[in-house]
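You will see chain A twice below: alongside chain B first, and alongside chain C after that.
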Partner chain A sequence: MACTVHLGSPLRQYTGGAATVSANGATLDEILTDLDRRFPGMRFRMIDEQQRIRSHIRIFIGTDAAQDLQRAVAPRQSVHLLCALSGG
Partner chain B sequence: MATVTLWIGTRKGAFALRSDAQRRRWTLSGPQFLGHTIHHIVQDPRRPRTLLMAAKTGHLGPTVYRSDNGGQRWQEAAAPPMFRRAAAGEPARAVERVFWLTPGHAQQPGVWYAGTSPAGLFRSEDGGAHWAPVAGFNDHAMFPQWASGARTPDGELLHSILVDPRDPAHLYLAISIGGVFESTDGGRDWAPLNEGIEADFLPDPNVAFGHDPHCVALHPLAPDRLYQQNHCGIYRLDRPARRWHRIGRAMPAKIGDIGFPIVLHPRDPDTAWVLPMDGTTVWPRTSVGGRPAVYQTSNGGKSWQRRDRGLPRAHAWLTVLRQAMCSDSQARPGLYFGTTGGEIWASTRGGEHWRCLAARLPEIYAVSAALR
Partner chain C sequence: MPLSEAELRRYSRHLSLPEIGIAGQEKLRSARVLVIGTGGLGSPAALYLAAGGIGQLGVLDFDRVDESNLQRQVLYDSASIGMPKADLARTRLSALNPELQVRAHQTELCAANVQRIFQDYDVIVDGSDRIATRYLVNDACVIYRKTLVSAAIHRFEGQAMTYVPGRGPCYRCLFAQIAEGVAPSCAEAGVLGALPGVLGAIQATEAIKVVLGVGEPLIGRLLTYDALEMRFQELRFTRRIDCAVCGEHPSITRPQDPAGFCSVEELRQVRSISAAELAQRMRAAGQPIRLIDVREPQEFAADHLPGAINIPLGAIEQQQRQLAHAGSVIFICRSGVRSRRACAIAHRLGVAGAWQLEGGLAAWQAQIDPSLRLP
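Entry: the complex of A and B
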């Protein structure tokens, strides 16, 4: 079942500017893998090679902050992939 | 006479300055990738229309872009440099920045090398589309000692990846902080090459590694000749010797021999240029006394001459990073440097006279010259 993924502006270079896309998967890991299949390179910009969420990326499933890629994502639940930055 | 393009990597995007045939008029273009942090842009001498660029953003992880049409369009690497997945109990290394790019040997047309922060060496065999860790270095039994992950303010940096033009299996690299290392078997094994280099910040100044090379250069026409701008002075090494000699001792004492870049004349192995900075007290790393100057040696470091005509005479507290100074390969080589204050300076007379080509750019990290 597809869920809706909302993308922070730095990620939209991969989606042709689209702020919202759909993705399939039962976990956050599967959602991100599906996104990377359709938008190659996107996942590594958010998730490092040790499968950790990068420092300035925030992921919410519904309204809950996710720290773990194995978090379940329910059908039709929203996922927010956001970018946080400080400094000039 | 060919035109020159200066590729400029900044903290906020990529820019290009293109010259006319006489290198008198320059046209600034860009930004490309506005807001992206660009650590290095390098032309492929084997395919001059090809460029690679090391990039990331404040939010997003590191990657590499490739252009096959002189920088008009860029394609992201399908598999950017990344460490292998850590086994249980191992440090979980992750690339934070791709810091350095080096084209491979002329006989290996698809090969590129990348250096990262934290220190890692990576290799591509398909022109930068797919990258793999060089296990012979990254997983060397001594790697944890060679690259200790020192948390210096800008992080541990692997840079100055050098390929011997006579032998694609003969490689050098440098880690700041870690030292210079050499491989003679294509990267399968490595050994430190730091004899004679001072390390006044360590309790034992005679260590085999742990030094702080800022920039190392190998002369393309005399590949046994290496120069090094180190945290502790300017050095020269003539292989097969293994001991570096501090040629910076011949610099004026009031200027010192501390800096980031060192640039070689494209044809004369005895000519090199450095840009000294203030390495006293808390290390301001600005032009000494606020009066920027390039210093040139024409005799392999026996003596140095100040080259500051056209540069500001006072209150110019410039900082020039290790990738931000270069030469072109014209008959009379042009010299170029970019400052962290966003200025590009050029001399088309071997450093004898300087002029400002651009100002008010973002903080400049890298300047490289490409010929068309």
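Entry: the complex of A and C
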């Protein structure tokens, strides 16, 4: 079942500028893998070699922060992938 | 002292609000608020804070007005180009509301001056455009128990949050650590001129609410704004018990400059080389070039230029002996921010032939080698 993924502005370079995309998967890990299959390089931008979320990235399932890639994502739940911004 | 007749007239629309009234307006007049950075965010934030009657208002900026600022930095006009921002901001804000005490700090915030500057204020509005400053401001607010209203912008997107001591998570709880250059600046990425108007007004609103003690500040809530989609989103996060500054066992107990901190003046003096020029020099025979990639080891491991060695930015200062005999060195990072800093440090250490790759590996990838893998 697909869920809706909202992308922070710096991540949209992978999606041709699209702010929202759909992705398949029952867990966060599966969703990120599905995104990387369609938008190569996107997962590595967010997840390091030790499978940890990079410190300038925050992921939210619905409106709550998620730290664990194995967190389940319910069908039709939204996922937000956010990057730290520095502009002022 | 009760509000004067002039103040009663000026703030009449505030006084009509039961949430403010005369007592609230007197609180605003007694408030001490500092705006860090009088650029895109700081301009509207400071204007609304001054118009709203914040009695003691500080504005801090080291920079001078550039023509490219005028697209969004509404404190200034065409006659301002080349003039010091903080001093101009004080003049403009004092003209808007002459009853206020407006203080200009025409300086760069650093660990050495943050306590002295912050001691005169209760609420800090952060509109800076450097990651290093964002962490310095956050840590100082936690350590000196100041309220922080933070916002940041990028292209068409903005984020805002509020930290109140003892009441919720700080900025480090949201983003534990960010290397310089990972989060691009407005100069690198571009920004919609009206975007900071929205976020700066939100910052002023938050500061005023906190002073008045009304409503629900953005504590533990990150407000995101997407101007293209015209959508606001509220995302929740909590205090981290392992936070380096507000956690149970903080490792940061006094404000500190990050490794590789350089003044703006040092950064301005750095020499740059374009991706095309570097490619040409690498192809030219008999011209050995020392390439030092200052990204983190995991970024370097993902991919790097042939012949480059990895010395992360945080370790550059410890490499004085190695650098002193290096001859010509070109520093490289992802986008050109960290390499500029490394280059400034190398100059400080006495390396005469130091350059940095303008636009970093992102420029190399765009102009020379699209197959380069960048995290």
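Everything that follows uses one rule, which is that the second predicted complex is superposed on the first by the 84 of 88 C-alpha atoms of A that agree within 3 Å, B and C clash if a C-alpha of one lies under 4 Å from a C-alpha of the other, contacts with A are read in each partner's own complex, and residues count from 1 in each chain.
One rule holds in what follows: contacts are C-beta pairs under 8 Å (C-beta built on N, C-alpha and C of every residue); 3 or more make two chains touch, one makes a residue touch a chain.
The structure presented is a predicted model; accordingly, all values stated were derived computationally and were not measured.
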{"item": "Superposition on chain A - do chain B and chain C clash or fit", "value": "clash"}
{"item": "Contacts of A:Cys83 with chain B and chain C, given as first, second, both or neither", "value": "both"}
{"item": "Contacts of A:Pro10 with chain B and chain C, given as first, second, both or neither", "value": "both"}
{"item": "Partner chain in contact with A:His56 - chain B first, chain C second, else both or neither", "value": "both"}
{"item": "Chain A: partner with more touched residues, chain B or chain C", "value": "C"}
{"item": "Which superposed partner A:Ala19 touches (first chain B, second chain C, both, neither)", "value": "second"}
{"item": "Which of chain B and chain C A:Phe44 touches, first, second, both or neither", "value": "both"}
{"item": "Clash with chain C (superposed arrangement) - responsible stretch of chain B out of 20-28, 74-82 or 308-316", "value": "74-82"}
{"item": "Common interface positions of chain A, toward chain B and toward chain C", "value": "8, 10, 41, 44-45, 48-49, 54, 56, 83-85, 87"}
{"item": "Residues of chain A that touch chain C when the two form their complex", "value": "6, 8-10, 19-20, 41, 44-45, 48-49, 54-56, 58, 60, 63-65, 80, 82-88"}
{"item": "Of chain B, residues touching chain A in the complex", "value": "57-61, 63, 76-78, 80, 82-86, 92-95"}
{"item": "Chain C - residues contacting chain A, complex", "value": "37, 39-42, 126-131, 134, 151-159, 174-179, 182-186, 189, 191, 196, 222, 224, 226, 228-229, 233-238, 298, 301-302, 373-375"}
{"item": "Residues of chain A that touch chain B when the two form their complex", "value": "8, 10-11, 40-41, 44-52, 54, 56-57, 83-85, 87"}
